[in-house]
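Shared between the two complexes below is chain A, which pairs with chain B and chain C, respectively.
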Partner chain A sequence: MIHPIPPGTRDVLPDEMRELRAISEALRSTFEQHGYGEVWTPTLEYEEVLRTGDESAAGSSYRLFDEGGALLALRSDMTIPIARLIASRYADTRPPIRLCYVAHAYRAVVRGSGQPREFLQAGIELVGAPPPDGDVEVVAVALAALEQAGLRRYRLGIGDGSLYRALLESFEVPAAERLPLLEALARRDLVGLEVRLQRLGLAPDAERLLARLATLRGGPEVLDQVDGPLSGAVENLRRCYELLAERGLADRVIIDLGLVRDLGYYTGAVFEVYDPAVGFALGGGGRYDDLLGRFGRSLPACGIAFDLQRVHVAQTEEERLG
Partner chain B sequence: MIHPIPPGTRDVLPDEMRELRAISEALRSTFEQHGYGEVWTPTLEYEEVLRTGDESAAGSSYRLFDEGGALLALRSDMTIPIARLIASRYADTRPPIRLCYVAHAYRAVVRGSGQPREFLQAGIELVGAPPPDGDVEVVAVALAALEQAGLRRYRLGIGDGSLYRALLESFEVPAAERLPLLEALARRDLVGLEVRLQRLGLAPDAERLLARLATLRGGPEVLDQVDGPLSGAVENLRRCYELLAERGLADRVIIDLGLVRDLGYYTGAVFEVYDPAVGFALGGGGRYDDLLGRFGRSLPACGIAFDLQRVHVAQTEEERLG
Partner chain C sequence: MTAVPDQDAARLTIAVPRGALFQETLGLLDALGVDTAELRSNDRKLLFEDIGVVTMRPSDVPTYVEHGSADLGITGKDVLLEQPEREVYELLDLGFGRCRMVVAAPAGADGLDESLRRLGTARIATKYPRIAMNWFMETGRQIEIVEVKGSVELAPLIGLVDGIVDLTATGKTLVENDLAEREQICESSARLIANPVSHKLKADTIDDLVERIRGAS
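The block that comes next holds the complex of A and B.
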């Protein structure tokens, strides 16, 4: 007799669970060693409160009415609940504030897409630390956590979530055209991106820069290939890279100017964690300097989260490849 | 700026979280040392599947429609999902099967009742072990886990979930009257119970036995005060007590013939964990020999779960009392 479970959810049996526990303990203990205190927030929050953090995130969340008729939603990440928590429970705490979590998040997905609806995340939020030092600390802790979890091939891509948007604005690309371009970029759909760019009728230099930016990945030399309207973002990435190199982490870091995270709240550096053993990102994050202000305590902030399931697959693949 | 969270949910800050983690690790590692493998099941399941396990449990769960129109529910305990898991994923595994979990469960509650909607449970399920040995193993592991968590004053009440029901049946109490009586008993509402019993017009001996049973708590001597239609249940409790005494656990165990757990699926021994430092149960469980059959793999089973929040409060109170 088969009793189905919803698509995008999983049963985890003891052999796998033991390995997931080991990974989550490795990440969590690394976070705590670096001064990040673990917190828990309710799985169910008022939908309106989550929407305060990000209008678009609320759209993909599971929603339900409680017994009193209030609209609740299952959290779709931990960053927005922690922003709420900081404004409510850390209103008078002197920054920086360092928090971490290991918790499930839930997202409504297109049926048949194979996307998970429930995923276990482990992550950190560093609140009240401006760039570049805040960005560098988050990256360094993330790399230490992956090392502690026993991964060996991991790399962290660093880009800037505001960079492409700033360029589109400076080239006066109509507002309605920007979102499809950013979505193509987030999907790494370079062909789609070029087709859309060609339609815009921009000056040849502008079109070339927008197309090329999406492919610029590598060491600090890629930063020499862009300037002009990007100088602020480029300067921050250069400083981050230098500071990470001073910590001996340069070989783990890839500068990736085409990196765009899909969440709406990133305002500066964005991160994505890769492992050549697998074809998907193990996690990501970035700087979100506007989010806490929406909850009433304006502070710069930066964070990163790992998908534990994916970290586990990468670990297994690394072992298989030897 | 205050951003409310739903009543019955909580934010947990690092100081408390560290202590909760220590407790959950103590319980989990004790479970694993005794051969219980940790599992995870989805927070969201098909409502119909959960309803297969217990019609009444489904009524108090949070329900929502997914993007395809299917009715989902947030699990209200882990016992039913694990029964589903055993039937689906352990269909050919030779019993006994020993599983454990640390997971949140969710229950819709009456607004203003102060009841939690989200609670963190750590528990075990022992599948394929008949009474009394299965009951005794579950109790012994539970007591070892509490010891490991650093509690000192804990006691475990053991009764029989079928006993009062069997008595009501044998005295031919009308079916419609039985549920209110059992509910009064579950609430430990002895006055309400007596009032209801008096209304039934039973023979004086029957009425006296039903009223007295609700108050019979203590050592094995309480078992001498009942027999007749109860001899099967009484005999099992006597054997459980003897076997626990052989393991040196007698001083932790209280026989409690008025103990009735509110979940519908208990068929034999039921447990409740107390600590004199606090006025509420820290957890409970029992034998549910019919549940797995509803999912297609008929096996006797027994389990227990702790409410981690409550264990933490008890631990704190014990320390305060010294």
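The block that comes next holds the complex of A and C.
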């Protein structure tokens, strides 16, 4: 007799479980070797606490009442719970603090989209390490973990979540026009972005840069596209790239000026990980220097997380190719 | 989740829509130097591996592109508006397949308006439930959506609904069915879309193609 489970959730049986466990162990042990201690936090949190980290409660989609009538929510990522943890359990610890996790998170899905609503993430959070060194450490650990998991063809895109906002400001785009432009960029609607920019009547150079930024991706040469008085806006990316190159990781990295992650709390570097075998990013993250302050312990922080199921697809494809 | 077929960074797979946008898409592919002879002659075959083309209905194009089964795709803006959650890059307005999304109702006395006024709601048939719902919500009116799969024009003629939301290019089908356009919701045309991962990992190949299309049009 077949009993249903909610769409977007699944059972994992031993054959798959063995492989998933091997991947999560490869990632986790790499994190641990680099000094990231593993933590668990509750799957259920107070909705209000998640909301402290992000107005939309980090996109939390599942809420319920406990027996006392308090509003609980299923976490939609691990970054906000760890920010809460740092503020409450590491209030006096000297930074930097390095933590890692392998944990389920929950998001609503559109019916029929084939996306999971319960997904397993493995990730790290580095708290108290400012840019560029903190950014570079997170990227280097992430790349080492993918290598350990048996992936060979991955690339990591690195951008700056505050870059477009900064450029709009320096070109004196009216405040009311900025949000629709940022939204178009986040939706990857480059046609809409161009149409809106044309209406603003900016200087031709400014309009061209703002329209092209979303497609400026590649090696360090893309940084030269943002030049003159604006070059400060990409200074951190330039430093990150140099430091990654010193570690011999340059050919793994794509500099991507158009990269924006849709979560609301990124303030600096943003990351996304790609593999040719998977049509979606394997994972992502970035710098969120304002988040911990909202929980009462103001520290710069940076993190990255992988979707284990997607890493698994990439890894099986890697094995098939031999 | 399934692995997408392995291929080198210089090769692209393009999802091509059969239907209203097909002929002009073929013209575009010709202009790019793709051999479309087999594509033109065989309307049952779906996968044309040697030229990197897959054919499908326009509303499926964002699905294949989002999952990376195709690196690029061509589809209507109407399709993208109806599926806003799809994570794809919208790279170019290709300029062809121009049409408008409109509200239409039986010509003559405005039954749609009367239903809204006297009954507080109206019934609208459409193949685009989200675009229709958003439009009436944004304009502060309550409606009930009746989703149909084809020949939307029929629905108001025999009393299923008060009006329709549909695409029109010339307005001819509306007129032939005694319907009159009441409101324009938006304009649509063909768009070039890209899978986000392909857009990063095959950047040079995709940028080169986009430049050639910009040059060709």
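To be clear about the criterion, the second predicted complex is superposed on the first by the 279 of 322 C-alpha atoms of A that agree within 3 Å, B and C clash if a C-alpha of one lies under 4 Å from a C-alpha of the other, contacts with A are read in each partner's own complex, and residues count from 1 in each chain.
We take it that a residue touches a chain if its C-beta (ideal position, glycine included) is under 8 Å from a C-beta of that chain, and two chains touch if they have at least 3 such contacts.
Keep in mind the model is a prediction, meaning the values are calculated, not measured.
By the document's definition of touching, of the two partners only chain B reaches A:G296; chain C does not. Using the contact criterion defined above for the overlaid structures, shared-chain residue A:P14 touches chain B, although it does not reach chain C. By the touch criterion stated above, A:E67 is placed in contact with chain B alone, chain C being left untouched. Shared-chain residue A:R217: touches chain C; no touch with chain B. When both complexes are overlaid on chain A, the residue A:L200 reaches neither chain B nor chain C. In the superposition on chain A, contact of A:V110 is made with both chain B and chain C. In the superposition on chain A, A:Y274 makes contact with chain C only, not with chain B.
In the superposed pair of complexes, A:G157 makes contact with chain C only, with no contact to chain B. A count of residues in chain A touched by chain B and by chain C gives the higher number to B.
Legend: residue contacts after superposition of the two complexes on their common chain; A:R89 is shown touching chain B, with no touch to chain C. Touched by chain B in one complex and by chain C in the other are residues 110 of chain A.
The residues of chain A lying in touch with chain C in their complex are 110, 113-114, 155, 157, 187-192, 215, 217-218, 254, 256, 272, 274-281, 309-310, 313-314, 316-317, 320-321.
Across the complex, chain B meets chain A through its residues 1-6, 9-15, 17-18, 20-21, 37-46, 49, 52, 62-64, 66-68, 70, 72, 74, 84-85, 87-89, 99, 104, 106, 108-111, 117-118, 295-297. Within the complex formed with chain A, the residues of chain C that make contact are 1-4, 6-7, 9, 66-69, 84-85, 87-93, 191, 195-201, 203-204, 207, 210.
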